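Heads up, the next two complexes both have subunit A, just with different partners, subunit B and then subunit C.
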Partner chain A sequence: MAVQSDVQVASAAGAAALTRRSRARKRNGLAAYLFLAPYLVLFLGFIAAPAIFGIWISLHDYDFALFYKPWVGLANYTSLFTPGSRDFGNFWQAMKATGIFTLFSVPCLVVVPLLIALLLNRKFPGRTFFRAVFFLPYVLGVAVIGLLFRYMLDPNVGVVNYFLGANIPWTTDLPWVWVSLVGMTVWWTLGFNALIYLAGLTDISPELYEAADMDGANRWQQFANVTLPGLRQVMVFVVTTTILASANMFGQYFILTKGAPGTATRTIIGYIADEGLRSFRMGAAAAMSYVFAIVLLLVSLVNFKVFNRGDAS
Partner chain B sequence: MGKLLFGLTLGILTLVFLGPLLWMFLTSFKTAEGATSIPPVWIPNPATTAGYAPLANTSSETPVIRWFINSLLAGAANAVLVTATAALAAYALARLDFPGKKFMFGMIISTLFIPSFLFLIPNYIIINSLGWLDTLWAVIVPSAGGAFGVFFLRQFFLSLPAELEEAAAIDGANLWSTFFRVVLPLSKPGLATLLVLSFLTNYNDFLWPVFVLFSPGNLTLPAGLSILQGAFTINYPVVMAGAVIASVPAIILFVVAQRSIVEGVSRSGLKG
Partner chain C sequence: MTTTSPSALTRRSFMALAGTTGAGLGLAACGGGSSPAGKAGAPDTGSGGAEYTGPAVELSFWNGFTGGDGTVIKKIVSDFNAQAKNVKVTMNIYQWADLFQKLPAAVTTGKGPDVGALHIDDIPTNAARNIIVPIDQVATALNLQESDFSPAVWQGGVYKGQRYGIPLDIHPLAFYWNKDVVSKAGLDPDKPPTNKDDYEAALDQLKGKGVQGFWVSPFQFTGGFTFQSLMWQYGADAFDADLTKATFDADGSVQALQWLVDMITKGYSPKNVGQDADYVAFKNSKNAFNWNGIWQINDLKSQSKFEWGVGPVPQIGSEKGVWGNSHQFVQLRQLKPDQNKLDASRYFINWVSQQSAEWAKSGKIPAKKSVAEGADFKALTEEYSLAPESEYVHFPPAVPGIGDALAELYTAVNNAVLLKSSPQQALSDGAAKATKILQDNKKKYGV
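On to the complex of A and B.
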């Protein structure tokens, strides 16, 4: 709108004003690029360039320390889909591990934080304090949380087994490793989603609840007909970011289970890092990153489709 | 829900969230035997700082005190770099008019949706060719290319009234002094939020430092803690002391800047 009225003013004021203005705009343009320059150097160097360079790497048998980096075409990609190839078994095992983790952690991280946000949305003394308490684990890093849980989940001396009076191999055996990894992640990151829900809840107009009250809606009906529809946008955001965060899981398994049993809990990020940055099979690892990125893109598209279909009905 | 039930739920939840953190803190003051006693005891008896002693030894394989300093340095440097470069760029994108603006904004914002693991392998090679492998530069600089800060501050600048800047321009102030004397002072809350969020993200980052840093003296805390665990496998007070040291700056920052963090997180959620 501002631009439009600028143009009108300029045309009314005549040619002299117009040249003055366009000269000012050119100066402005140079200044704008000077303002942008420092960030653009970082952006081009560490975001734009690597995004494209990665494709180049994935088309080679690429070890950064070796001079000879032979071109292999799409071989790094096709081998991921060829049973019996070097990466096939491990890659799909890691995909499966990532899938299992995502499948179990996302529902917990969508539902539990919502319940906590509903609890915190009531008016009571000390609300800010409790909000801080639930968010506190999230400001700590995965390394801290991982060490703490490894101690608490120690099969012999851990407090968890002591309180349960059990002898469960939380960090070494299936299916317990998944319970540990999902439980720890939910405890650690639930505060983040709860905060986002809470912001969404405060944005729902109180008049809607008053209207529902007058229509004689009970608490549950209010939740189903006012709260949930009001949280739609927020819910899409929470589901999408939680799926992406879970699919990117790395630190939790790296510290808590180290992949155990065997490599059953090693996620796809773990496998990419192991192959690319430990064995320096960078071409193969880069190819895996692109394949996984495309899988995530498809998952996101399905996710949006599902939410939009709900919108239409 | 009845008042009693509500209070009880809050109480149990608080215990679930604070209990483990308290357990970590108390364990760091126990003896190795005290930390593994069955039944477990909450209060260290005898209380000792022996768990903290090996952490101060800078010539060992686990110089936690060095990692602590490295982490604070890297976090602070990264936060300043992110905020300074993002503020300049965001101002150009929010207020200035220049050819290619739409394209540039679209290009920067679209990278917000690229998952960060795509950069892992190529950035490792780029860092290596810059000679930054196993140096703090590797954890300070690359993540400042991310688009979040630019996006966040652009939104903030757009929410400021443009009249003040126009008034400054009429008074003859050039762009630079308008930006410095008018826009930045008005944007203190936004700048503070970005500083704090960038510091915390960098301070807690795990995947990248684990692979790009390897000399014992060059690690950041998160990368170091996973080594500490291997070096003191069953000596839990030492491991928990390391975890406590890593937690302290993050918790202090959270207590001091709770409003910024909460607002920043809530806003990034709604606008994202």
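On to the complex of A and C.
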């Protein structure tokens, strides 16, 4: 609500400005550009220019340390779509790994933090303590989390199997490795999403709940008709950032499974890093990055389409 | 001044990495290697490092000694600083994998160190990529003779006829046995098995007492090293002599991997051994035998929970053979070569090379035979017991980009040991990919 009224004020101010003399408008415009300039410089220098240079790299057999960087045209791209080429099998296996991880981690990371945020939004003794507890894992680095889980989940010497009295191959065999990777990531990052939800929840006016209460809505009806619509914008943010973060998964597999079994859990970011930074095949790695970026772009489009359709109804 | 820099992997930085993969590569590309490889950074004054007489200089030295060997190298460097006039060395320690990635970027942007230590198989890659420069003069000044080294360690520092690496040590795989576990099973803790029959008999006896005595790791540490040792013992090799074709799917290799997988199917090893679990189990007296690096000696010495022994790896196949690697000193290319620094670096390398008996205390075998046979090294009982291995140790082959091809070998071992494919299938799949990589690399590096 607050956002909307701000927008109204802003547009009213804009309308007033239109009536002013053009000289003042020009000066205002200049000020706006000046304020934008620092970010623009950073954006152009560190995002736009390298991204364009990356396309140039992807058209070469590129190794920055080598004198000869032969032009290969689209070969780095076509090889990704040619069965039997050096990268075809690995690339698509890695894309699949990323896909599986995203598919399972995103729903968990959208739903579980919401439930936790709902709990943490209620008034009870020790609420601040629990808020901190749920957020705590997020401040740890992936190396810490990864090693911790690697030892806890070790199939033979891990404490989890010890208490279960089982021999579940959490870190070495399908499908358990995915359970571990998703579970570990959810535990690690749910605090961040929960925090965003919590902020969204406190933004929903208590009067709406009072009104719903008076209309005789029960808890579930209040959740469905007040809470969820009130969290709409927050939900878009959470879903979008969680999809992107999950699609970029790297550190978890790198430490927990090293890709095991075989290379089944090596994600696309892992493969791009292997090829670009270990084998110094930067042209091929850049091409893979672009194909992956396009896929992510398509996913984001679908994502926005879905949320917009919800808007229309 | 020593800074340890563990890889700081945060989720955010990976998000950033993905978002700007193109960007990062683009920035890295700004350096650019514009001079051909194989040229020394500056003309040589001829001293080759026997002494340094120039003005005061500071040198930086990068390496990957993150383990117990870090303490030893720190002492050696501070000893050097204490005695050297006009030369001060500061050291940075990185994870080996980080160092391998950082060095090229640092060197091509002119921020590289003066001296580094690398593994023997990383030397050709860095020589071909013009990251390190030839140091034949240092070898001459040190009066290094081929006859004073095992051929593998001597040849490993050479690329296209020029010397890039001054050998510091050899660190082979070793055979560790847990004396407590072995005694409990009724075996003689002072007579470890040395051949196939004894080895299997011992494992069988351990199994009878309810101990899985030889945990087989599916990962490079230590399964990949164990497999390669067996491969050479079965008379096979990972690649053909010209390094144009991966041969680790040949009969000998398949037999070697089959033997390793049989350890699991026969119940001498549990299935699904996790990363480091073989060694963790060994240290907790759940595992009797572990084929692990010589570098673990100091770690085992630092505990008193159980008694242990160390010796050369048993001979399972028809020949002797063991995996090993070697640390070598290298000199980094400088965008603005400083003659004084070059001379001082050579002096530093020269001086430290003569301390290789001291260095051996970090769990290494000195590269030089004369030092390895000297009284100082003989006093290191555990390390010295592994000296015979230096006669038949195999290093990863010295050709640019070999790590890319070896990664396929390790994946094959992983697939077979985790029982996802048969040894034959896993090795054939891996070798086909590795051959493709070797051929690509040949084209790329023009060797």
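Just a few scattered comments:
Everything below uses one rule, namely that the second predicted complex is superposed on the first by the 266 of 313 C-alpha atoms of A that agree within 3 Å, B and C clash if a C-alpha of one lies under 4 Å from a C-alpha of the other, contacts with A are read in each partner's own complex, and residues count from 1 in each chain.
Here, contacts are C-beta pairs under 8 Å (C-beta built on N, C-alpha and C of every residue); 3 or more make two chains touch, one makes a residue touch a chain.
What you are looking at is a predicted structure, and each value in this text was computed from that prediction instead of being measured.
The superposed arrangement places subunit B and subunit C in clashing positions on subunit A.
Touch criterion met: A:251 reaches subunit B and subunit C at once. Looking at the superposed arrangement, the partner reaching more residues of subunit A, out of subunit B and subunit C, is B. Judged by the touch definition given at the top, the superposed model places A:198 against subunit B, while subunit C stays out of reach.
In the superposition on chain A, A:243 makes contact with neither subunit B nor subunit C.
In the superposed model, A:289 makes contact with both subunit B and subunit C. Shared-chain residue A:260: touches subunit C; no touch with subunit B.
Using the contact criterion defined above for the overlaid structures, shared-chain residue A:40 touches subunit B, although it does not reach subunit C.
Of the two partner chains, subunit C is the only one touched by A:66; subunit B is not. Of the two partner chains placed around the shared chain by superposition, subunit B and subunit C are both touched by A:269.
By the touch criterion defined above, A:49 reaches both subunit B and subunit C. Mapped onto the common chain A, subunit B and subunit C collide along 61-69, the only clashing stretch among 7-15, 61-69, 79-87 or 97-105. Shared contact residues of subunit A, touching subunit B in one structure and subunit C in the other: 46-47, 49-51, 53-54, 57, 64, 141-143, 146, 150, 156-157, 244, 247-248, 250-251, 254-255, 269, 272-273, 276-278, 282, 285-286, 289-290, 292. Only residues 6-11, 14-15, 17-29, 31-36, 97, 100-101, 104-105, 107-108, 128-131, 215, 218-219, 270-275, 277, 280-281, 284, 286, 401, 403-404, 407, 411, 414-415, 418, 420-421, 433, 436-437, 440, 444 of subunit C touch subunit A when the two sit together in their complex.
Subunit B makes touch with subunit A in their complex at residues 6, 9-10, 13-14, 16-18, 20-21, 23-24, 27, 35-36, 38-40, 81, 84-86, 88-89, 91-93, 96-99, 101, 104, 107-108, 111, 114-126, 128, 141-147, 150, 175-176, 179, 200, 203-207, 210-211, 221-223, 225-226, 228-229, 236, 239-240, 242-243, 246-247, 250-251, 253-255, 258, 261-262, 265-267, 269-270, 272.
By the touch criterion given at the top, residues 3, 25, 28-29, 31-33, 35-36, 38-40, 42-51, 53-54, 57, 64, 116, 119, 122, 124, 128, 130-137, 139-144, 146-152, 156-157, 159, 162, 187, 192, 195-196, 198-200, 203, 233-234, 237-238, 241, 244, 247-248, 250-251, 254-255, 269, 272-273, 276-278, 282, 285-286, 289-290, 292-293, 296 of subunit A touch subunit B in their complex.
Those residues of subunit A whose C-beta lies close enough to touch subunit C in the complex are 46-47, 49-51, 53-55, 57-58, 61-67, 86, 141-143, 146, 150, 153-158, 167, 169, 171-173, 188-189, 244-245, 247-251, 254-255, 258-263, 269, 272-274, 276-280, 282, 285-286, 289-290, 292.
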